Amino acid sequence: MKFVDEFREPELALRLVAQIRETATRRWVLMDVCGGQTHSLLRYGIEVALEDCVELIHGPGCPVCVTSCESIDFALQLAMQPHVIVASFGDMLRVPGSRESLLDVRARGGRVQMVYSPMDAVELARNHPDCQVVFFAVGFETTAPATALAALHAEQLGLDNFSMLVTHVRVLPAMEALLLSPVNRVQAFLAAGHVCAVTGFAEYDVLVDRFRVPVVVTGFEPIDLLQGILGAVQQLEAGGHCVSNCYARSVSREGNINAQKTVETVYEVADRDWRGFGSIRNGGLILRDRFERFDSEKRFATNQMNPISVVNTCLSSEVLSGQIKPPQCPYFGNACTPDSPLGAPMVSSEGACAAYFRYQWLQSK
Amino acid sequence: MMTPDRIEFPTCPVTSFQHDRVMLAHGEGGRLMRKLLRERIAPAISCGNAAISTGIIENDAASFTVNDGDMAITTDSYVVSPLFFPGGDIGSLAVFGTINDLAVSGADPLWLTLGLILEEGLPFELLDRILLSIGTAAKRCGVSIVSGDTKVVPKGVLDKIFINTTGIGRVRDIGSLGSHRLHEGDAILVSGPIGHHGIAVLAAREQLGLNPAPRSDCAPLHESCRCLHNALGRDLHAMRDATRGGVSAVLHEWSEASSHTMKLRESLVPIAPNIRGACELLGLDPLYVANEGTFVAAVSRPAVTRAIEVLQNLDVSRHATIIGEVTKKQSAPVIVERLLGIWQPLDEPSGAPLPRIC
Amino acid sequence: MCLGVPGRVSAWLDRDPLFARANIEFDGIQRECHMACVPEAEIGDYVIIHAGVAICLVDQAEARRVFDELNRLNLLAELETDVVTEATPIESKRDEP
């Protein structure tokens, strides 16, 4: 596959690993803030290969992990209503809210439809005029252009049976929140490559100047990740801090202006609750007034569900902020497994804990 | 005597008869059921054999004599959705799936039974298509469907149709195949490229818009399994078709049953470009995706070349290749060599693989 | 959400600014994708597809440059290192268990 296979070349990857090991004079602490990068780092054995010279902390990069319980519970209620279809990305289906997941509700007769694209949800609405289609709009800034486009299409088509449950989150405010924490250990960030493909990376200048941490825009293939890590280590070794771009084939400083305009037409920045983190200022996106009628929260009035108190509370915020690695959580592997997860980091295939469970040596650490 | 002005018809409704679909009455054992059996089911599945056709209709059980030799029996139920998908359908799946379970157990398939559970309202047109597919599949495998059962359930209880098939076959060398024969150093082979069926069904069911629509590998494996077994004899240790959970599920089952660790080299696992493209797009790992015409085999190391030669000689296994080996037990039941030469545990599949966008 | 896959624009289906669509090819399989965010893409170009929507163009020249540079450095490193001297920890990790 073009632009994929070349960046998975084993020989080149090993050379980069060797170069990183030669460059690092001490063990540096890096954080990635993208579930897709976490997945690749573990799947290709990069984390293990570099563990002597780099500690890789997996930050809150999985939008399904940080979608609030309340939002999921709301979606579950809607799915059980007659004539409502909840359309969702595959990742979201297994994530439990305060009690159960969309898959659980589907097993009980709720109408839940998996979609690959938000545009498929619009199509679903067109094909089912007798039903209300609710699209669960999760994701970072990478996904916002797609969901914004869905809203614009629905508006243009005059659909009255399509709405979106918007829970979009923004990466940069979360990175800021992490850096403000008194227990922060992160010395450099690998910035999420596809978020930056949309937003560009000009806005990271302020972060870098304020907190004096290197930020390296990084892609997802093994070569991209290793180049990003090398870039970060080189900066740290030199004592410098700046924004550098190691994913230039997809990312420019300004980003994709068309995509940004699409997002700005439909959404505005707002505070948002991140599961396990509390409210993050400017940490989310909400629909603008013009698209109010496509807001599921305004369209549907439902009863408040009472959250059940759980015996074991997921330590997601400690894991996602990098204070502890998943195996250091007392519930990891016993009370909390992919089959019986306590919280989203273990449920989602991209959750930090699930990724660890899947790829890490069982006997190590 | 009172002469009625007009004739009063009885107020209880006469059964409304619909000619184009299955009704509850079709499952009640009476006239309508015998009609269904005689006019639709028996002709489709008996492959022109009048004796079998009569037997299906008239007898409660099929009888046969076993002279000497060993028999194998297996059963499986089929609930796939959608009913029709590129490369197959629930009918052909119900035949090949059970045939394949016999085949990988070292048995030559002989007979099948056919249990149908139909949803009230199922259009005959759809039922006929499925029955034709069953009959064609059975004929292709040279097996006879000798007995069966048909039930009808009220609308909404199940989604259109469920099928159960039980297969009986004659075992070639009883006890010679199975996880108990796995040995350290055995080579692990796969009969062809992986991931076709799971991707085909997912793409069709969720209307993922992939073009050309991925095709299932749904196919009978009895010929490949028989040729391999005959050529290798006791050097063939185990076979398993890699259905739900894919290659990963087979290797985990073998590991648990044999107390060995299965080693897999990711770079050796064959995958067709379009299936790979689909997996990349959907974020799926092909090792967890179901197959319905692909099996995994464990053979003793010296017999590997011969095994590959035999398999590659047959169309359904023309891309057979080595993918790993059986090794002594380690902490992880299945380990896979990844890109940087790092060996990592391969997790057991849990739940159907779902497309991700992260 | 970040899974973005590079695909080749094989045919334009609709150039409307809002409803723009094109056939995108990924190694033997195609899908109609939405192109409103990358309207300038032409046939033969590569775009990153995320959730059925193109989010950016792939700069092919830049990709080639990076790859060539990596290969050059790799070759240089090989020439400099005549022989593998001591076994580094990475080598021991490569050993099969």
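The chains carry the letters A, B and C, assigned in the order they are written, with residues numbered from 1 in each.
FYI, a residue touches a chain if its C-beta (ideal position, glycine included) is under 8 Å from a C-beta of that chain, and two chains touch if they have at least 3 such contacts.
Given the structure is predicted, the values throughout are model-derived calculations rather than measurements.
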item	value
Pair joined by the larger number of C-beta contacts - A-C, B-C	A-C
Core chain by centroid distance, with centroids computed from Cα atoms only	A
Chain centre separation in whole Å, for chain C relative to chain B (CA means)	37
Whole-Å separation of chain centres (CA-atom averages), chain A against chain C	21
Multi-partner residues of chain C (each touching 2 or more other chains)	1-3, 5, 26-27, 50-52, 93
Multi-chain contact sites of chain A, meaning residues that touch two or more partners	1, 4, 14, 17, 34-36, 48-49, 63, 89, 91, 116, 120, 139, 143
Multi-chain contact sites of chain B, meaning residues that touch two or more partners	208-209, 276-277, 280, 283, 340-342, 356-358
Residues of chain C defined as touching chain B within the complex	1-3, 5, 7, 23, 26-32, 49-52, 93-94, 96-97
Residues of chain B that touch chain A when the two form their complex	206-209, 276-277, 280, 282-283, 331-332, 338-342, 344-345, 347, 350-351, 354-358
Complex interface listing, chain B residues touching chain C	208-212, 214, 263, 272-274, 276-278, 280-281, 283, 330, 335, 337, 340-343, 356-358
List of chain A residues in touch with chain C within their complex	1-4, 6-7, 11-12, 14-19, 21, 34-37, 48-49, 52, 61, 63, 89, 91, 116-120, 138-140, 142-143, 145-146, 149, 152-153, 156, 192-195, 197-198, 220, 223, 227, 248-251, 255-256, 258-259, 262
In the complex with chain A, residue positions of chain C that touch it	1-6, 8, 18-19, 26-27, 34, 36-39, 46, 48, 50-53, 55-56, 58-60, 62-63, 66-67, 70-71, 73-74, 77, 88-90, 93
